[in-house]
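The first chain written gets the first letter, and so on, giving A, B and C; residue counts start at 1 in each chain.
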Amino acid sequence: MTKLRLDGVVKRFGANTVCDGIDLEVEAGQMVCLIGASGAGKSTLLRCINLLEPIEEGAIWLDGEDISIPGLDPQPVRTRIGMVFQSFNLFPHMTAAENVMLAPRRVHGQSRDELMPKVEELFRRFGLGDRLHHYPDQLSGGQQQRVAIVRALAMRPEVMLFDEVTSALDPQLVGEVLDVLRVLKEEGMTMVLATHEMGFAREAADKVCFLKDGRIVEEGPPSQIFGAPEREETRAFLARTLK
Amino acid sequence: MTKTVSLAALALALSAGSALAEAHAACAEGLTLEDGTLTIATGNPAYYPWVMDDTPESGEGFEAAVAYAIAAEMGFEAENVTWVRSSFDEAIQPGAKNFDFNLQQYSITPEREEIVDFSVPYYTAPMAVLLAPGVESEATMEALQGLKWGAVGSTTAVPMLTDVIQPEQDLLLYGDNADVNAAMGAGQIDAALFDLPTAMFLSAVMIEGSTVLGQFAAEGEGDQFGLLFEDGNELKACADAAIAALEESGELAAIEAEWLQSATGIPLIE
Amino acid sequence: MTEARTRGPLPRTRRQIYEDRLRRRSLLIAGGSTALVFGALFLLIPLAPGWEKVQRVFFNGEVFARTLPGLLEAFVLDVAIFAWSVPMIAVLGLLVALARDVSNPALYPLRIFATVFTDVFRGVPVVLTVYLIGFGIPGLGLPRPWNSPYIWGTVALVLTYSAYVAEIFRSGIESVHASQRAAAQSLGLRDKDVMRYVILPQAIRRVVPAQMNMLIALQKDVALLSFIGPVEIFRQAGVYKSLMANFTPYVGAALIFLAVTVPATRYADYLLAKQRRQRS
């Protein structure tokens, strides 16, 4: 079943076309990895899917429903699509638990007491058991990013978008965040990742898309993209990054 | 001192103009800022009926006329009188003064006298109650206490209000007559306390519809106006003699009659 | 390392010796020059020919003692006006700051109004606003007690200070990084919740030191209400000055202001320094 579909999505910033006719299909439970040089348009594409940026042309479908109709209220859609950012973007004035509970309380009207057991359970599962009442600046980068993931998960989204979630981490902390992604995949979460972790993409992705200048130049299973890329640009990019 | 005064009075009574001027010129000799010139300060602006049209040089208005009369007594021709302007603060701040004496309804008080010197009084003004337009009251202490009061903060009306009238509601104080006028126009005060000539002027000319309710007895609560000198200025003796002479001759009373409205008909407040 | 410690203090390095010497020297210079300047002031000023008179008129102990109780009593009014103005300024300032950023086209007039509001009230000297509102609005014919100078003087202060405070709030709102807004939106929060729970708490915290400085300025500007009648400390000092022909009451009033504003200023500086440390 197709969970998410992009049809010829075009996004421009002024005269700069950042997404130039992107077609993409994501099946339910799939992990799709977007790779490509910095500036290729990966982040922008994710922001468009989450309706943080309006698109110029094309359409985005979630469960067969067009969510990119101009004028559509983006808020209900955003509750169904979670997003995690490269720079964590935790709210610095709230504890980890408060960060996680904010949206369920304000959007779903759930109470703190009702939420707390679930939050504790999520924290435990991702190795954050004793960090509930810490403020973001009292947490390591890896812990902050895991809290950010928990925060997005607390809204029970159907799709999760990850934008280079390990790029801001020290190398020894990258593993703990990638482990979380593996767990989510096992649980059947539909995910779209922009990533520079080629090893992880090769091992865990169901589909890899190589972006260049706002277009998907080549897509396929990781064995194809990393083992036998068809396009010259893909080969050149991989040669540069894997060196 | 008494001798000088009576001598001066005698001189005034006996001598003709030029002889008189010479006699008094001696008393101011070398004591003025500039030899042969008398420099007098007044307010900025100077108000009716004290100075007409803010031009003291014309000699019109009570204080302007008094100033020229005193100058003449002291031996200065009108053309040898120079006017400067000063605020109250400038008059009392330490340091060299740019005037020989300063007159702008300065009330003589013992506290002020510690810092500056005053001449003998040239006028005794009773305090008077000015009622805002549309306000009615009675000239009794009890009725006055129930009013909402205002006054100019730098005048002796303030201690008179706080110590004698003791209104029930808090006082509102202002920087000058114009602001009292504005407060009356805004309906913020019922009454204000002024010296009688100022109150009569405000009611007649500036604040349409306002009335002078009554005056307080001049002696005791009255305000005595004196010329203000820098502390220790020896010219004071000469000016005192001149004022005494003007009083003796009836000239001061004549000036008062000419420039200040008769206060008869304004009821006394007990 | 442990060994060295058990044997006693480590020998000081060459650099430590050098820096200690530098520090001693600059302390010596600072102390010496301060003592010199203040010593000169204390010794030389009384030698000036007019000093005795200045002392009698500005620093008169007897006048000071006689007027201080009255000044303190009048200062209570300053504090009261300040105290009831601050919450109104905070609320109105925040509303104006928010109104300047509304995107809803139906509320566009509000946005224009907020912009004009801040331009006008920041552009007019406070004392003029106090005069115009304090005498002008009651002059329209309001009955007592609604024409009170306390009310309209307060309104003038609140309007003026709200304009400044709104701009500071706005700079605080703008200083919160766009990624915070994006993160909050991505969670499905409504715009008003994004502002209320994510942006504003951070923005307000950031501008606390700047707002402290506004409070200090406000405490001083309360004295401007004396122009329209209220007998607060500045007017009371003026009354004493006139009656006694002595400026000492002004010095007394200044000292009372300083007793409040200097600690407040130090505290604001401390908050600013703390914030700078936290951010770096």
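Rule of thumb we're sticking to: a residue touches a chain if its C-beta (ideal position, glycine included) is under 8 Å from a C-beta of that chain, and two chains touch if they have at least 3 such contacts.
Fair warning: this is a prediction, and the values are worked out from it, not measured in the lab.
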| item | value |
| --- | --- |
| Centre-most chain, if every chain is reduced to its averaged C-alpha atoms | C |
| Chain whose mean Cα position lies farthest from chain B | A |
| CA centroid of chain B to CA centroid of chain C, Å | 42 |
| Mean-CA-position distance for chain B and chain A (Å) | 87 |
| Where chain A and chain C are represented by their mean Cα positions, the distance between them in whole Å | 46 |
| Of all residues in chain B, those that touch chain C in their complex | 88-89, 92-95, 109, 111-112, 114-116, 148, 150, 153-156, 158-159, 170-175, 179, 182-183, 185-189, 231 |
| Chain A residues touching chain C - in the complex, by the definition given at the top | 47, 50, 52, 74-76, 78-79, 81-83, 85, 87, 89-93, 102-103, 106-107, 148, 151-152, 155 |
| Residues of chain C that touch chain B when the two form their complex | 50, 53-54, 56-58, 135-136, 138-139, 141-144, 147-149, 226-231, 235, 238-239, 241-247 |
| Of chain C, residues touching chain A in the complex | 179-180, 182-190, 193, 197-198, 201-202, 205 |
